[in-house]
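These are the structures, in structure tokens.
You will see subunit A twice below: alongside subunit B first, and alongside subunit C after that.
Now for the complex of A and B:
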């Protein structure tokens, strides 16, 4: 009974402390919440792309009587049917545009060269559109490249058709006279203008886009990613909570209440069992709260109760053993902060908790993960998320508990020697 | 002079505490290397969307359509059974599914191509899929239309020999037009402003990001001195001296400023010497951002130190501030990869201005002038936090 009393006292202390609650529950939810908002939560399931401001410098000087391809490009980019993230403005000179780009008031500059129309309407002529962009941006420039590619396809398509026609006609001995060339070029240009206009927006678009959402109650990929990140954060902060609770041993030693406990009829083993039970229970309660709140707030589906129970058991067992060993290494209560901060950060990082949402990590890094109990606790939650075979989840729990037992034994031996 | 004495006392206290070494030096160094390793470089070549491709047609033009989409740097294609593909798109494992209908190749040469259906996942922005598929579709249909017109214009000499020869001629001309398209008369040359090396070094993103993040985290050590003073009653002793309350806050603020600046200097040197981040290409601009960021953080540190009643609260407030400011401000990951609303909120934070100040020099290759606006904004935030700290200090003291 005394062990239970000690455990309940420590448990109450941990959950009455606003600081402990903030660190054990608030911070992991805060981190996952920020990522949830960053990658979709603020705009529903489909986060709108950030605005991308483009300046177009039209230096084109078309020959008299020719079409004005530079203006056509400006009109194309400024078309109201363009995506709403693309904001296009004209700039008078390249220098003006570059100044605006350097001042970060635009993210890209499209430069239409002076001989743009002339080069493209001349047989064999060629031209280049230059796009300079803010080097910190990658998404907007790549999308702009595709949008410009659609325009250039139209401009150069007729010429390419004529080149191919020339070769075909030469092989067949037919002359590709000016009339035939004009018919081909005109026909192609009309087709392209019509098709590009109807490509996505016309009455009968050639490409149809349809969005499919998950059936009600099923989990999206974003939720899945968040679940993995949340699992990593949960293991990290459960280990933190466990070490903080185990610190009560040193705190009581520092305040002199541990010495008082030792002179009661309670055996040392009973006292330390109570402390260990408090750590284990704190981890279980903290895990349950985080599982419940993350399900409610982010829609994470942690799998059925058997998997959750197994993952909780493995995590709490590993965390309890780990905590006792860490506390055994700390010389005094005042020294606890840096040791705990350092050990938890380094072992959490090497145990894969900070990269729980990443894919394609190096094999060597994954192998290193395995020598830390945090990695096994994390694996337990991943198996819960996947509803993996219970036998596999059971094996993971056994490894986690074995880790916990070994670490606990080492910690217990050190503490027994200290308080002999 | 007393302000200096107070600041020196604080600095000695922090430097003598082993925690400082961990929070202010070792952890930021480890995380800078780790984040650079995790995020990698070469963003221009990133594959950003994954497309499942279901070809019900099986013809040559349909295969060329696949090749054209795949040739872009934007999409990674996988060929899957339709039911599996649909299920993976629905779950968000894949971004989209492109279904090329049966009879597509034949319909291309009739002038009325069959519709291609693109099914996108609920979790992806549609424009990311629309851009590469539309461009490739226009190329393929354009080549087919050109082939149709050429063969029709050539009439009997090319198309004689019945429907089979006609179809073969169409395919042959179609291939030739596409070959011509590989040598475009109009090129689009996209390049980032500045030197490529600056863009591709992943530590140019992670080094200043971690610098800002851990400069906030370092406040755990320095801000807790204010709280410790109150706990140890030395603060009560201090206010019985001739030192004004403003001077006491200024002394603590000065200590935090010097400590943050020293931490920043260490991380800048590490970035320069170990990670190839060229901070020293514009030493004055870098120094200006470092100083202004340190002043801002001194203000924040004073506010935290005054607001927290216990040292434990300092840790909690600092960690919450660190995660909020560094994630929202683009210190942990680029704001470009987040949604529009998140990025707009993030851009007004002081952390975003500090990161931007460094990025102007490190990635954009700009000079001292580019550091002025971020520096001014950081000073504005410093004033705001100092004022809030002083107000709270007077209120709690009263």
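Now for the complex of A and C:
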């Protein structure tokens, strides 16, 4: 009973301290929350592309009476139905455009050559658009290339249409003069533009893309990513909270209350059992709070209660043993801060907690993870997220608890010698 | 039939390597008695108390609380013992009531009995009105009062108080001394360590003086003072070569002891009236200026000076 009293007292102290509570609950949620917002968590869960500014230098000099393909390209890119992130502006000269690009006030320059229309309206003609872009951008230039491909595809199609029409006219003895060519080209261009437009727009578009809502119970990639990050943060800060609670042994030794406990009829084994129980309970309560709040705030689905219970048990057991060993190595309370900070950071990183959201990590790194109890605690939460077979989750818990038992035994032997 | 003492210490020794902190001390404290243990820092008082409390194992000898050996019957001995540690040992982030309730539970109190005892102890230490305040926000004196209260919850038959009034305001000190007297009236045996003579004299039925791990005298205050006869303590504040003057003074008739330090000279003399004129003459001859003179009738400080050649707070 005295052990329970000691555990409850330590638990009260841990959760009454605003600093400890902030570190144990606030910080992991804050870090995950920052990532949640960074990935567009409040904007319909769809990442928006950054603005992509394109300067078009139209040097095209179309032959008299011909269509103006250069202007048509500028109008096409500047069409209001283009995506919002694409900002198209005209530039007077190539030099002006390049200066703006080099100053990174624009991300791409499209240069339409002087013979653009002349070459493309001539049978077998050939013209080259030049596109220069910011080397740090990848998505914007790819999409610009795609859009230009659509336009040049249409122009090339018009040329082939004219050639075909010329052959038909020749068979019927009608000359396909410049006026007729212009009329045909104009007609083709209008048809192509209407087709492209109708493909994606209008009342009855031929091609529709729509983002569907996921069925209840399924997660988006963002939620899944956040769940993994949150699991890593939770294990890291639960281990932090456990070590902080276990540190009460040294704090009480420093402040004289441990000696006072030894004066009472409570046996030393009872006192240390109470301390260990406090560490375990702190980890469980902290884990439960983090599971509940992360579920509410970020929509993370941690799996059913059996998985959550197993993951909590494994994490709390491993954290308790780890904490006692770490505290046993700290010589006195005043040096505890830097030592514990270092040990938790290094073991957390090597245990894979900082890379919990990454996939395809090197095999060697994953093998190193396995020698740290944090990795097994994290695996427990991943299995909960996946609702993995309970037998697998049970095995993970057993390994975590075994870790905890070994570390606890080592820590207890060291502490018992110190407080003999 | 042998008498059972509340505290019984026989041939108690404690060594730390070659250093002997306690050198075979013997004393007994009868039930209901207030026993003062006096001595300077490093005399061995705290080591003795730590052994009685079960915190330290003695190197040799025996210590018993209410007849229970602290070595072989530690739990029984601890159950009837309350210890007020020298430094405040409480949880600053818990309230006064929460602290007392926790320590009460450590002594096996539960439920209504625990609540009643917490109320009584808060009343005894005069902090009922501040029971919900966090101990960390209390003054030094208030903390010490709760520190004492935490040792009283389980109604111990024997209470050990290790310098409970160090560094506190006069009001709290008075409150603590009154609390000890009240406990004495209730029949509690108290082992009280201090280096404030006036406290020992006011509280203790008997006093043991410890120095360098040994008890060098034990008895009532009157008995101890009788050890130094009718010697009077003369304290001089001087300016100049006090060492030379002190050397001369030690050869004067009726002067038994001279101690000089930092411009202060203390003498134990038979008759202050007879000795003061030659003291002034010698001082004048040595070019030493006497700034003040204080004549003190024999007291425990005089006893300690007489027995050890040192002041109690050296």
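The criterion applied here is as follows: the second predicted complex is superposed on the first by the 325 of 420 C-alpha atoms of A that agree within 3 Å, B and C clash if a C-alpha of one lies under 4 Å from a C-alpha of the other, contacts with A are read in each partner's own complex, and residues count from 1 in each chain.
The rule we apply is simple: a contact is a pair of C-beta atoms (placed from the backbone, for glycine too) under 8 Å apart; a residue touches a chain by one contact, two chains touch by 3 or more.
As the structure is a computational prediction, the values presented were derived from the model and not from experiment.
Contacts of A:50 after superposition on the shared chain: subunit B is touched, whereas subunit C is not. Touch criterion met: A:19 reaches subunit B, while subunit C stays clear of it. By the touch criterion stated above, A:256 is placed in contact with subunit C alone, subunit B being left untouched. Of the two partner chains placed by superposition, only subunit B is touched by A:129; subunit C is not.
Counting the residues of subunit A that each partner touches, subunit B and subunit C differ, and the larger count belongs to B. In the superposed model, A:138 makes contact with subunit B only, not with subunit C.
Once the two complexes are laid over each other on the shared chain, residue contacts for A:304 go to neither subunit B nor subunit C. When the two complexes are laid over each other on chain A, subunit A has residues 17 in contact with both subunit B and subunit C. Per the touch definition, subunit B reaches subunit A in the complex via residues 17-19, 21-23, 26-27, 30-31, 34, 38, 43-44, 46, 48, 72-74, 86, 89-93, 113, 115-135, 137-139, 141-143, 145-147, 149-150, 153-154, 157-158, 172-173, 176-177, 179-181, 184-194, 198-199, 310, 312-313, 315-316, 319-320, 323-324, 327-328, 333-344, 356, 359, 363-366, 370.
Against subunit A, in their complex, subunit C makes its touches with residues 53-55, 75, 78-79, 81, 83, 85, 87-91, 93-94, 98, 102-103, 105-108, 150. Of all residues in subunit A, those touching subunit C in their complex are 1-2, 5, 9, 12-13, 16-17, 255-257, 259-267.
Remark: subunit A residues 17-19, 22-23, 26-27, 30-31, 34-35, 37-43, 45-51, 83, 85, 98, 101-102, 104, 119-120, 125-150, 152-157, 159-161, 163-165, 167-169, 172-174, 180, 183-184, 187-188, 191-192, 195-196, 199-200, 205-215, 218-222, 224, 335, 337-338, 341-342, 345-346, 349, 354-355, 358 touch subunit B in the complex.
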